Every structure is written in structure tokens, then in C-alpha cells.
């Protein structure tokens, strides 16, 4: 029975996007929202990694599949569970914030594409090396490394692209009006490309690790 | 002799609630109080986990008991030790702050119930997976994951419910006048429900892990 | 040859007190100085723990000795190395800050005694459990737990006592004029008592761990 | 084939310097830029350590070579990859920030030399002990310890020297106009001396660890 894996992906992505919305809209967390958001990913990776791998991100699922550590039959159900978790979290945020007025971020298309590509590459590159490489098997740092990659990249690129690095987060921030619907393609394209590029880099760097 | 386990639960909850009060009342820590509070839980989980399991939270004790990793004879003594630690810490804070004037937080009942339910679910879900699952036994990240779940949820929900996720913390913040006595039932109800729900989710996700 | 252990204690305490002074005087780090200071302890515990145990604190050396994990012949040399490291760091800070004008903190004697006692108890209690207990041997979290205990206690008690929890730090902040010379006894007394009390608590909690 | 090691060094240094520039120029991250920068190093050490050792810093490569854990044939290619990564990252930052106006930091030469020497010593001392010592082999904390050494030292010394502790970072901040070209020698000299001194200290402290 694989439903348990999809439930874990749903729960983890729900808490990731919930934290994004709750800390970025009318912020309590202020300038350290990236710390809260990356930590949300960290705790869910540690909690669910042993069941589903703890992707919580369609771009990561793409990268892990290309690297050969995600069964093809899981790819679409994983992505569906992640997107559903992101949407439900966005709706929960809108309810808990009392249907807030949110001004979507203005982004430059080309810089945003570059920022999302680089940031998602970093995230998938870290995931593949700390959570799927034979040479690092059994370590206790995988969740810290993965979560804090989002923290670092969000500190670096939040002002450029919003810092999604994840199509499920991109969908969530679009539902919450933090990002414009017309910009959703930026994330889908750049996040997918970043994930795929990381898989290529991983295979070059770890040629013996099939 | 089991008194040592109860002492560990008392000490850990004391330091957790002490940190809540010292960083939230007339704050020195400012917007990063959730970082201090989650870290307080983290250090006490690492220090006492090998003796008592490091619950420091009646909702966690409930969840661990329902999951089958806490002897029934320990449930009430654990909860009593935790509540006593929380009360003593609250009194220590009032003394050290010089009997401060504190305005209790205004919360909406329904949003607060939802926030405390979701936050406690996250906390107990992480605890069960990183500290009681066979698949993660022997890891070094359990305290980091558990402590930072409180950090994340407090960043997310501090403005909605105060961010207790723990009946012993709820009692402590009530004694310190950070929360209204009339709202104490919100925490007791939602925290218990969140812990129980996490035990159900854990059993579904880890069916082979009895 | 044991000089290497004393050198490690000297280096670690030097960097701890250096970070205290550089982040608290004319602060760059602002409200997150406790994060920097606790992290300084963390990195030095990880770097030097395998050589000297990574105490960097006479109160911790006292506690570890009472618990039976520090040879009696090392106690005074450890303390001397720690105090020397603290003094040299304080002088380095005064040089690098350009002989700054510093107003020593006003503290209430009784609250400061309580805060230093409780904070040092927490620190030594965590050290003994994560770095000397048989049940936690071989873990990778000892430095994180120990360093962040100082972070947590400094967030909680910085405004009450300055948050030394360590006679070498107390001496350093006195040399840097952050604390009054007339108050030095508060730290020496309360830190020693806190360390000794933690050793008693550890022995009660871990009766089988000689 | 060793190109994979050089690519890993290039990627890691790229993300380190990218994070420096994005969080320090027209800051989004404000006073917690050192947290983002140290975390960038941490995640890249965890991701690439199993391939290249995760130096990302010519001063660290120098120290690891002097300690006997870096083949002489790798020294110059490592340094070249690191400097190339730093330069490319600086150019990416200038593009993403829209060719910003940056005022280079004024530093005092002698204090800056001392700060860079001490900070680089700390970094290389931590690296050698947590990532190359036999006594700590197999630990999961090496990336946390190494990354947070940069966080701590940048909090402590950012106002004195800019806090590079790394010739590749020094080159990057010079390209981004955060540091003056006329001061580049300060970093090259003090960082190299700090790394070499750490190798000497490591050999004294770990005499049996060849």
C-alpha cells in the first residue's frame, strides 16, 4: 500500500506552504521568515523521509526520478499530493489571516527565471547528494542541509523572485495572492529546469553511484 | 525506581516554560523568541531523551502512549510532572521580571482552536516519527527536529493563538497572564486532539511499526 | 603530554569570550548576539571535544569532575587555561574595538544570583547528559545541544544577569567593563553552585552510569 | 577522473559568494546576513564533502594540504576552481541586483589583518578537527560546525574587516565593490597565514594523527 507515502508528501507540503503564508503575510516573523520556512521543510524531511523520501516539491521529485531513486509510478501521485497540500495550506492561511489584502510581488521576468533556476538547482543538488548518494547514506544531517538550502536561497533571492524553488509553493503563493497568476509559468519552467540540471550534475559528480 | 524519569520531565518542562516567559514578557529576544523557545525544547530533549523520552508536554505523552511507547502507569505522573514544572517556571518568571504588568493576548476562539490543533499535530507527528519509529532509531537529529517544530509553529501561529501546542505551556502562560484563564480550555482541547490525531496518522503511515 | 588539552581549552574559551565582546559591545549582531555566542561555544565543542572534552568553562570542569569524568590533576590546569583564554580575548576585543567606552550592566544581586544559578545548572546538566552519559555515547548532537543551551539561557537571562554562566566569561566581561568588578563574586558563586547542583542531579538521574 | 572534484569546489564556492553578495548588497537579510552566509557554506559542505572534501576556500585547501589530507596535485586546481566560482558568483550578483551602487567598506589595515587572521584560523582549525581528524571520523556535525564558524566570525568581525576569511570570498567582494581593490592583499596575506597557523595547531594537538 503506497497511499501512506502520498499522505506523507501531502502533510509535509501542507506545513511548508502553511509556514510560507503565515510568516510572509502581515508578518510576525519579519526578516527571518526564511528561517521559519526552511526549518518547516527541515522538520518535515526528518519526520517523513523514512516513508516517502520527504520531497514535498515536484521539482525535487523530478530530480530524484531522473537520478533513479523514485519509481516512475510514484512521480505523478507525488506531484499531485504536493500540489494538493500546497493548495489546502494556502486556503488555511487565507482563513486564519481573515481573508487578508495581499499585494503580489512585482518581479522582473528574466531575473526571476535566473533566481528560481539557480535556487532550485541548489535545492535539488543538495537533496540528491545528502539523501540519495551512497557515500552519505545513514547520515543525520540530511534534513538540516535540505531545509537550510531553502533558508539560504530565500534570503538570497526572496527580493528577486519571491523564493519559491518549488512548484507547489509557487501554486500556494499564487492562491494566496503573494505572486501573480500571470507569473506562475516562471516557477514551473525554472523549477523544473533547475531540478533536471541538478540530476545531470549529480550523475557527472557521482559516476559510480547508479 | 522511576522518580528519575519524572524529575527529568519536570526539569525539561521547567526550562521550556521559563524560556517562554523570559523571552516573551518585556522581550529581550524580540521577534526571535520562537527561536529561543524551540531551542529550549531541543536542548532538553537531547539532555533528557535517554532517560524519560523527553516529552515535556502532556499532549506528546498522550500521543506516545496512544502509539504504544509510553507505559500507561507513566502517563499521569508524566503529565503531573510537566504541569508542575510549568507552574513553577511561571512563578520564577514573575519573580525575575519583578511582578510585571502583562496584557493577555486577545485570540479568536475558532482560529485559535485550529492553530493549536494543527500546531500540536505537527509537533506530535514529528516526535512520533523521529523519536519512536523503528526506521529512524539511533538518529542524532531527533531533538533538532522536535525543537524546531515548536519554533516553526510559533512563528506561524504566535499571532493567532499564542503558540502553546502544549497544555503545560498553556498553564504557564495563563499563570503569567500572557493568556486568559477563560481561554485555557482552548489549549487543553485542541492540544489533546492534535496529539491524538498525530498518533492515528503515525499508525496509518507506519503500519508495520508496532 | 597533556599540554595539548590545555591549549584546546585555551583556544576554545578565547573564541567564546571574543565572540561575547565583539557582538555585545557596540553591537553589529544586535538582538541575536546570543545566537552568535552560543554558536561560538558549539563550534569549539565540536572542534576540541575529542581532545579535551570541550569544557571552556570552569563551572563545567567542576561538574564533569564531580561526575567522575575529569581527572583531578586536570581540574586546575583546565580552569587556568580557561581563565587565561578569557582574559586574552577580552584584551583582544578592547584593542579591536579601539578601547571603547562601555557602560557596565546594572544588575540586582538576588535576581542575578538566581539567573546565573539556573542558567549554569542548565548548561552543566546538558553537558553531563549529552557528552558524558553512557546512554548517549557516539551522538553527533552534543555540540549543538551545549552551544544552544547558552543561546537559550542568554536570551532568557541576558537582561537579568548579563548571561555569563561561566566564570571565564564573567572574568572576560569584567575586563571589558561590561560587568562591574564588584559583581564578579555573583558569577563565581552562582556558576560554581549551578555546576555542582547539575552533577548531583545527573547522578540521581543516571544512577547506573558511574 | 578528478574534474568532478573541481566542479564541486566551483559550485560550492559559487553559492557561498552568491549568498554573500545577495544578502549584503541592499540587504534583504539585514543583520542576519552572517546566518545566511554561514548556512550557505554548511549546505555546500554537506552536499559536496563526500566528493571533494568541501573546502570552497583556498585558505582551507592550504591548511588541509599542510595537514596532509589534500594531494599536492589538487592544490592549485582546487584554488583555481574556488576563485573562478567566486568571480562568476560576483558577476551574477551584479546582474541580479541591476548593477548596484555599492560603497566599499572602510577598514583599518592592522585591525583587519588581525581579524582576518583570527577568523581564518578559527575556520581552518574547525575544519581540520571535524572533517579530517581520525577521532571524529563519521560524524554528522562537520558541516554545521564549519558553516557556523563563518557565521560566528562574521558576526564578530564583520564590522572590522568585512569578514571574508577566504581569498575566494575576498576576490568576490572586491569584484562586487564591497571591498577595495587596494585592500585585497590584506585578505590574501591574513587568510593564508590563518590557515597555515591552524595546520600547525592541529598537528600539535593531534600528534598521533598523521
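Going in written order, the chains are labelled A, B, C and D, and every chain counts its residues from 1.
By definition in this document, a residue touches a chain if its C-beta (ideal position, glycine included) is under 8 Å from a C-beta of that chain, and two chains touch if they have at least 3 such contacts.
Computed from a predicted structure; not experimentally measured.
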item: Set of chains adjacent to chain B and to chain D; value: A, C
item: Type of chain B:chain C copy interface by residue overlap (half), same or different; value: different
item: Euclidean distance of C-alpha centroids - chain A vs chain C, Å; value: 39
item: Centroid spacing, where centroids are CA-atom means, of chain A and chain D in whole angstrom; value: 27
item: Touching two or more other chains - residue numbers and ranges from chain A; value: 32, 35, 140-141, 144
item: Residue ranges of chain C in contact with chain D within the complex; value: 1, 4, 7-8, 11, 15, 18-19, 22-23, 28-30, 32-33, 35-36, 39-40, 42-44, 46-48, 50-51, 92, 95-96, 98, 140-141, 143-144
item: For the chain D and chain C complex, residues of the former touching the latter; value: 31-32, 34-35, 111, 114-115, 118, 122, 125-126, 129-130, 133, 135-136, 139-142, 144-145, 148-149, 151-152, 155-160, 201, 204-207
